[in-house]
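Contents: one structure, followed by commentary.
Chain naming follows the written order as A, B, C and D, and within any one chain the residues start at number 1.
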Amino acid sequence: MKAIRDNARQKMKKFCRVCKVCDGRVCAGEIPGMGGLGTGASFKNNVSALASLHLNMRLVHDITEPKTAITLLGYELALPVLAAPIGGVAVNMDLGVSEEDYNLSVVGGCLDAGIVGCTGDGVPPVIHEAGLAALTLHHGCGIPFIKPWEGAELDEKLEKARDTGCKAIGMDIDAAGLLTLRRRGRPVAPRTSQQLADIIGKVHAWGIAFILKGLMSPRDASLAVEAGADAVVVSNHGGRALDHTPGTATVLPEVVAAVGGRIPVLADGGVRDGGDILKMLALGADCVLIGRPVSVAAVGGGREGVARYFETLGDQLRQAMVMTGTPDVRDVSPSIIHGLNG
Amino acid sequence: MKAIRDNARQKMKKFCRVCKVCDGRVCAGEIPGMGGLGTGASFKNNVSALASLHLNMRLVHDITEPKTAITLLGYELALPVLAAPIGGVAVNMDLGVSEEDYNLSVVGGCLDAGIVGCTGDGVPPVIHEAGLAALTLHHGCGIPFIKPWEGAELDEKLEKARDTGCKAIGMDIDAAGLLTLRRRGRPVAPRTSQQLADIIGKVHAWGIAFILKGLMSPRDASLAVEAGADAVVVSNHGGRALDHTPGTATVLPEVVAAVGGRIPVLADGGVRDGGDILKMLALGADCVLIGRPVSVAAVGGGREGVARYFETLGDQLRQAMVMTGTPDVRDVSPSIIHGLNG
Amino acid sequence: MKAIRDNARQKMKKFCRVCKVCDGRVCAGEIPGMGGLGTGASFKNNVSALASLHLNMRLVHDITEPKTAITLLGYELALPVLAAPIGGVAVNMDLGVSEEDYNLSVVGGCLDAGIVGCTGDGVPPVIHEAGLAALTLHHGCGIPFIKPWEGAELDEKLEKARDTGCKAIGMDIDAAGLLTLRRRGRPVAPRTSQQLADIIGKVHAWGIAFILKGLMSPRDASLAVEAGADAVVVSNHGGRALDHTPGTATVLPEVVAAVGGRIPVLADGGVRDGGDILKMLALGADCVLIGRPVSVAAVGGGREGVARYFETLGDQLRQAMVMTGTPDVRDVSPSIIHGLNG
Amino acid sequence: MKAIRDNARQKMKKFCRVCKVCDGRVCAGEIPGMGGLGTGASFKNNVSALASLHLNMRLVHDITEPKTAITLLGYELALPVLAAPIGGVAVNMDLGVSEEDYNLSVVGGCLDAGIVGCTGDGVPPVIHEAGLAALTLHHGCGIPFIKPWEGAELDEKLEKARDTGCKAIGMDIDAAGLLTLRRRGRPVAPRTSQQLADIIGKVHAWGIAFILKGLMSPRDASLAVEAGADAVVVSNHGGRALDHTPGTATVLPEVVAAVGGRIPVLADGGVRDGGDILKMLALGADCVLIGRPVSVAAVGGGREGVARYFETLGDQLRQAMVMTGTPDVRDVSPSIIHGLNG
């Protein structure tokens, strides 16, 4: 991993320092770049919310080969992890890597590691085209995410996403505040519960599941369930959509309580190692998404780098499971977090 | 904005570093300069009190064009924002800008952005003269602030302020602790409730509203209401009047509760972006004042710089309103702040 | 003050950086030097305990000339402040200043400012001799402090202190843990309540008051009152006697409650400006002691430097009293501290 | 100590900076090296958990020569301190010191200081061989620790440990998560309560006590007691076995409560000075282990360095006991910690 990170640091040097701990401090406000919006508080809160949770060690048991596989909306995953949708890494950063190659690295590397990747959306068109192309090449083994466009653009992109052969399509509704897109004549917008139900109905008619990403409140999560979403993702868009939000791990338990087991709850934001995955699961998440470290792995090591990163993560997760006495990621006790009860 | 800030950094370099985040750390104790008094704790507490509040994201709704206009004491404002009164920026800092031009930039730039600016007071006379002249030139479209002078100086200055044609006059009573003015034979002083009532009565007789600025306790705010003030401003003078005060966002809810809706409550202190404005409104403020960033914009970009700054702020505010599901600045729910109820 | 501090920084450069804020961070563990013991936590906790307290501003009143004078054990003080006893600054630091001159600067400068200074004790003999000589020269206008020696040394030194003509003698019992003195054959020791009563009885027989310094718990303070002490000083010896203690402002209210008004309670530790003095008084102290900043003023400006420092402090105190609506240091309301009730 | 530390800094420069305060910040993630795993949070939490506890000073008493000796599982200790088992310092760091000499320094230096040292285990064989050889040479005056190997390796090593003549053998069960050992064909594993009972039965049959190290939860500690352990050690392996655990001082009181006095509870993690020892005892520990500072002393000063380090520690402990009014390490009141009751 060290060589991959060193290589990424070299290639991304104008946009990302590939810090020892990726915590949003140094890059605060750097957009374009990998930073959080404004003061970077939302990004930093993601990391600090996870860091404030401490794991209880437990060694008096017989767990040596913990189970890490899950099934999520028809996808078989060796780890409870997805690569988060990030569009435009290559386009926006001039890294000497094409958007096409970047997406192939992420989608392919995920498959090599036994999981799947998500692809992103944005302006210019190459962003979503490169993502969808990578998914099509891999027979839809991944999840395309579409932004909440107003008008015909949404339908067109959902149909293109459908055509990749995927089993689920996601929408990152937290992109709805981007006024810059509206100014460029490509407006995105929030959606009411009824509007979401209409969109979801269409996707369901194709036999495809629908994931709503970017929920940070119990209210929104409940409305998403009622509108028919098959999964929600607790996410603040890596701190890039609104400054000053709580960390995702802070609101995750509230969202999990509101959803009440009706659909899977996913979470991203500051997940950096196996212990972080385990914390998110202990708080009630069924699966996590990881963003920036995957970009670093893809830029620094291509498809192999991505696969290697997730293998390392799997090792860390298994080690953390042994050290906390957790037999299976599908049933993680809240009691592994200090101060929470089981 | 970047060019404006770079230019300001060049011009103000002996007095202000124009930091990435203007938080009072580096400039602590620098008076003259832009710093907070002594340890700078009051300035820093303003910023940290706001930073400790986190915004709940809400995207399941149909708000895409939130309303940001308010009417305040007869002024129509496109944003719930005023430029705070800062006197002597040019006089005290040798910036290659005259006090007159500085005030014209602030007052004019505010008007260009659809809001109004406040002007300051101090020693030497050019400070209040430049402010009042700028207001007169713009037909009283702004709010002059006068210090709580003892004796005839107060009456004379209130009358000069009246003659600008303004609709409201403010007094920054938190300047009352400045012993240096007393030593120079120009004493300022606190006022009893009765003394305030007398001053306010005189201003009201002119058909002009009176704003008392510099209140940090429910007690003072209640006394101000009883004395007839038309609005109060929760402010610690940017941390320059007393070291070691709480941040304004910390005491704002207590003051709002004491005022109980009888008159508008304004607040300043550490407001840097649209999210900060929204937080202050969610805590009960009707409008905010912004100081240092306006000075930076005025020094770095003149009237156009000030206008540009407030336009950027308006964009941020609208984006934050969409992202929190807030339709109108006149009715901001406390529930958009994590941990507060609606 | 700036010239004084610059001069001190030059002279003390091997022992004290004369930091912008004297908070014990940089000098942690530097003994000899001005630092706190070990990690410096006790010194740093003094400063942070005060910094965690915030002052409520109050401007609606008619207080413009607050009263700052107190009478303490027969001493008339223009401010509720004493120079803390610090022995060996010159001896231990090779500053180009003699211990005699240092003590004359402190004792004389205090008198010039209308207060009194305390003198210190230690090894070699010049430390206490220089302090007592300065007091004798000024007719006992100050307070000599003697360490809690075992055996005859205590009696001899108390008698020498008596002969200065002073009205009160202090003992810094928190020096009792210094094993280095014990190893050098000059043991110091804690004292039981009965042993303290015997010592105090002897001092009282001379018509002199007795101050016990270095109490950080209600238990010790109660025992000191019962043993007949005329005043206690809440102090952790500037963080130089035991690492890891709370800040003095943290324990002060508990000690004040235990003493219950029977005798005056003094406090030192991290007091740096007028606001800090006011905080200590609001927590129940009758008077404060100030250490390191006085040494800096004495080394940097001699007697005049000390006087100037206390004049500045008096200005700050009066300004803070006006800004908090405090009429008299003898009756400071706890309600001036945010979150405390009156 | 300064010369010893300077020498260590020179020798260890690629692996340890020998920081002023050894707190895990700079070396976070440096393995091999002296750092904590991953973000280093577990190591840093050890230090910060202790730092958050503050000692109450008490000087009104007659304690001048506090008692520091204890008896632990048949070992007579002049201080309630053991050198923690650390294997491979020389092997892994290329320090110009052999593993044999390193172990002789630790075991011998401890004996010189009136306490005993623990020795470590690992891969390659020289690690445990050097430790056991040092113990054998010193007639078993120390405690060998064996990792929780699977299969025959455990029995073989326990027997070798027995043959040193020691009175107690320890197992650091928190090493069970090390997947790297499993990959190298040398698997380590957690143990059930029954498996522990079997191991302990065998050791007891030899007339040797058994210590289980690496417990961070009341559950594990209770199971260890039930399995027949003679002592438990609250430890997170210096933060090197699992990232993100609480500090040991945080969980110590819970473990002490669960054990309920049935067997001694030891603790390590961040103990750096006499005050830290006293804090751990006040929280209920019977004895502490110290790791990294002993390695620094051994590398920098050999056997003499280790002895000197523990002598310094003894002085600090006695001074802290006098300053807190603690007569005997075997009965330390929780009330010496601010905020805890006795």
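The rule is short, and it goes like this: a residue touches a chain if its C-beta (ideal position, glycine included) is under 8 Å from a C-beta of that chain, and two chains touch if they have at least 3 such contacts.
All values reported here derive from a predicted model rather than from experimental measurement.
Common partners of subunit C and subunit D, by the touch rule above, are absent. Because subunit A and subunit D share one sequence, their contact can be compared position by position; here under half of the interface residue numbers appear on both sides. For the pair subunit A and subunit C, the distance between C-alpha centroids works out to 58 Å. Once the centre of each chain is set as its mean CA position, subunit B and subunit C turn out to be 41 Å apart.
Contact with two or more other chains is made by no residue of subunit C.
Taken as a graph of touching chains, this assembly forms a single closed ring in which every chain touches exactly two others.
Listed by chain label, the pairs that touch are A-B, A-D, B-C, C-D. Of all residues in subunit A, those touching subunit B in their complex are 28-29, 38-39, 41, 45, 148, 173-174, 176-179, 187, 189-193, 195-196, 214-217, 219-220, 223-224, 227, 236, 241-246, 250-251. Of all the residues in subunit C, the ones that touch subunit B in their complex are 20-21, 51, 53-64, 272-273, 275-276, 279, 315-316, 318-320, 322-325, 338.
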